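I'd like to ask some things about the structure below.
Per-chain residue numbering starts at 1, and chain names A, B, C and D are given in the order in which the chains are listed.
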């Protein structure tokens, strides 16, 4: 039974077709990467999966259950969580408070009007667990808005984890992150994939080809290619879509990412 | 209920709707492009009426019709540059409060300058008398004012859809960052739109002065239908504002037969009903941070 | 040593003299609650002018003690008016209050004064309830109420203006009282009602109501609409040519409202509480107002300024008569007081059982096109006592 | 446990003492009805700040729910035989909550400009009803001449006992609202104010949170309105008018409600007493009143206590800036 399945999922903004009749099914194991040029509809696709946008037509199934019209907060309770292209977190909160929010929800405190936060031992313990996991403990009392860009990305992902998802959708986790920190993010995602299904939207070809078990290529809102890293590399249409009819010689280096 | 009365009330609703639309358009443009709630719009309307009253008494009716809106436009330039410009992009409540405070203060200035009494403007000679068709009686002056309002609305409609400035203003509503990205000077655009709103408020004041007699508090009474029609019509949509104005005007005018005492509630109920089903308003394409998600 | 003793005794004497003078000089505090801001600020201003002139007539003193006027802004808001009246009583122990342009403020201030034991003379509110169901021992009311005004004019209107009446009612308690008294007079004067339209408070655009009036086929429009709504209605009546189709009778006509209308659009009949040319004293009083307060909205004696003057004069006369500022004895001396030098043809009498001032009223007609100040002609004057409510009609007991 | 010194730092202590001693203060103590008014407005501003300060919802029609409370008290006292005020105050809070419950459902999805304008629209509906439905609300002349009986038997008719009755309710309200703002829900509200989309993706139904907090603030607003009605023994439609809703917004902003829990109280005290003093000295005081709005928004948008918060945050930033440099350097050696 597949973990996540879409049936001719389509989204139109007026005449613009952002996602065009996408049928995809995502199984249990490994890391799936979704690549494609800007405006291919990757982020819109994530928004449709997680209930942020209502599809113009088509359906989304999570473990067989139809979640098309559910709101993000209901889908999150069904263990499907996602991070954001521009890292989003609570700037005025400290890092501890940011992570604590997800724990509040999972431990059922979201409608608790009277508990004194400092006395909630279970919340405290759980939040410490995540803080250790991300070695952010030294900056525990620092306001999130003062973090470096990379740390913000990690915090965003950490907040997704507090929901203990079975599927984690990561929207360009390393974009805008400098060399040293992107390796830190890269390793972090690597060991996460052991515990849960990970779907990444990514531009960095080195990461895509070294980390993914399966690659899906999106262009103008529809799937161009879907298969292992090797199959996608060889695929004619992918090369054409990516390079727009470059001369013969240039294909290989562009695809292999050396010229970056 | 005899039919002539319903006909008269329907006709009266159209007249009322057109005049309210002139007020609503100014509010809608400022709200659309500048994303600020301009609660001083009612005050600018009042200044239009007072300027029209003073100038028409000392000079001639026609000089006043032209001079009053221009004076109000200059005043709105001052208001935008000194105050409103500092609250663009901040919490919408700030824009609302700063213009609201300015309106309270300036209303007091009006009372200091023009005194606290109510004034009336005498109907110009050419517009006196009534249009009488059988027992359908209607004031000729009101019809002329409605036509004047209609011309203003059509002018703005033409200006917004046909001229390049109009196109930039419309684009400014969709995505203000895009406008500055394309090299247009966004702050200048917002100022010009605010001044345009002021000019429209002044024109509406010229219409309102003879109609509803002039008192310092007349701005707040007119502001409510103004912003409601702007939202019902859809922000920045001129067509929407005109249709919204007619809708509200006609319903309010006919409602006198049904619930004479509570006709003033009609615009508010219509607003809540429209925004509940169509958050962007009837013809609105843009929502300003109105909804978290669809 | 000696001069120190001398110095000490001199200061002692000075102190004693000073305290004596101060007590003798203890000012009589009078609170004035009238609108200084908001839409009715102009009526409030005229009211206060009348009061200042009355204090001036008394040379600024009563019982040999200086008069101290403490003014608070009612903002024509009953909530704020009652709070500020309460503060004056609590903090400055003010025993006497005057003022109020609207009935709601009048009722609110009256109930606070009754609760805390101060006298309140309501100078400009006409709703019947102030000397009716809302009356109390501490409240007096200067202007005539709707019963007097409407009954005083009804007979003349039926005989001279027309028999088919169409009621135009300001849709709140004051407006209803005018129409109710009009309806009660219908069969007495042989008139008949051909319809009614209710105009909600704070309406700007009167067209939808005037359209119902214009082809109602009535002879007379009996209008009880006041304040800015009244001005807007009067102004827009000209537009819809109401005056060509029927006569218009305003149950309560204020001079400032007629004055605000462009001359060629005037033409209403109406019962006025004062007519500035009725007596030489009133004409002289108007000149006095004009000279001292040129900026005022009306440079002749009109309802607000006259009643402000009359209310203050009655209070000061009563205090002089009672010889003390004790509230109960001043109430006693107010009840039944007759003021002869009230600048009117007949004296003013304060009825003891409902604390209503009774004097004369004037039925006038705005002359279309009249310029300057002399814009109304008086058709007849009527004594209020013939039309005031009797005990049977208004059974109230102020002693409780 | 609260250690000794931070009890002294807790502003609650000072506010408690000031209001406790107020009637006995020289000169100003005599103004008991103004003192009671300050307490009532503090309750109103605190509950309003749950919506504005904590959830970031720019409500501009909260005067409506205050007015509903005033009318609830007036109508129950008018029609109920016994002069006991207990039922009327409970009804005031109940109806405040009921109206916010229904209207909250309608606008729970709206934000920003739409939220402000829809709350103005709703308060105007209640104003027109209150102003014109003469048979029930007394219309322009309102409802007057009420008597203040006992509350559960305690006599609260004379000004002093009523002042302390309102003082007790004020203390209870303050503790309850402080409890809510320090509770998990308080944190959720602050979170949805900063980034509502993020909060939704952590599983919070932010629309329902907005709906509930709007209702809770309505309950307290209704209570404050009821106490206002009992203070003046009357009910008028003026508090419902949208221009009056500006007062509680300005009081909350002036005090620094956006930055500090006690901001609304400070704001209410300054704003209401300034209005009283100003209006008794100058005919055209509305000019200053209007300009105050402009000055506050332009120069101290986060209010007086907001300035305090900003200084505290600057210290917080510097403190982390220097120790972050050494953390930063430690991290990089570790990886390479």
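In the analysis below, contacts are C-beta pairs under 8 Å (C-beta built on N, C-alpha and C of every residue); 3 or more make two chains touch, one makes a residue touch a chain.
From a predicted model like this one, the values you see are computed outputs, not experimental measurements.
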Chain located farthest away, centre of chain A as origin (C-alpha): C
Distance-to-centre winner among chains (Cα means, whole assembly as reference): D
Separation of chain A from chain C, taking each centre as the mean of its C-alpha atoms, in whole Å: 76
Distance between chain centroids, defined by C-alpha means - chain A, chain B (Å): 47
Inter-centroid spacing, chain D versus chain A (mean Cα positions, whole Å): 41
Centroid spacing, where centroids are CA-atom means, of chain B and chain D in whole angstrom: 33
Chain B residues counted as touching two or more neighbouring chains: 108, 111, 261-262, 264, 293
Per-residue multi-chain contacts in chain D, two or more chains: 132, 197, 200, 206, 284, 286
Chain C, residues touching no fewer than two other chains: 37, 41, 171, 200, 202
Complex contacts: residues of chain C adjacent to chain B: 37-39, 41-42, 45, 171, 197-198, 200, 202, 204-205, 207-209, 211-212, 214-215, 228, 231-232, 235-236, 238-241, 256, 260-265, 295, 297
Chain C residues within the chain D interface of the complex: 36-37, 41, 72-73, 75, 77-80, 82-84, 86-87, 90-91, 102-104, 107-108, 111, 115, 127, 129, 134, 171-174, 176, 200-202
Complex contacts: residues of chain D adjacent to chain A: 179-180, 182-185, 187-188, 190-191, 194-195, 197-206, 209, 212, 313, 316-317, 320-321, 324, 327-328, 332, 335-336
Chain B to chain C touching residues, read off their complex: 4-5, 8-9, 12, 15-16, 108, 111, 115-123, 129-130, 135, 137-139, 141-142, 211-213, 215-218, 221-222, 253, 256, 260-264
Contact set on chain A toward chain D in their complex: 50, 52, 71-73, 76-77, 81-82, 84, 88-93, 97, 100-102, 104-106, 109-117, 120, 138-139, 141-143, 146, 148, 159-160, 162-163, 180, 183-184
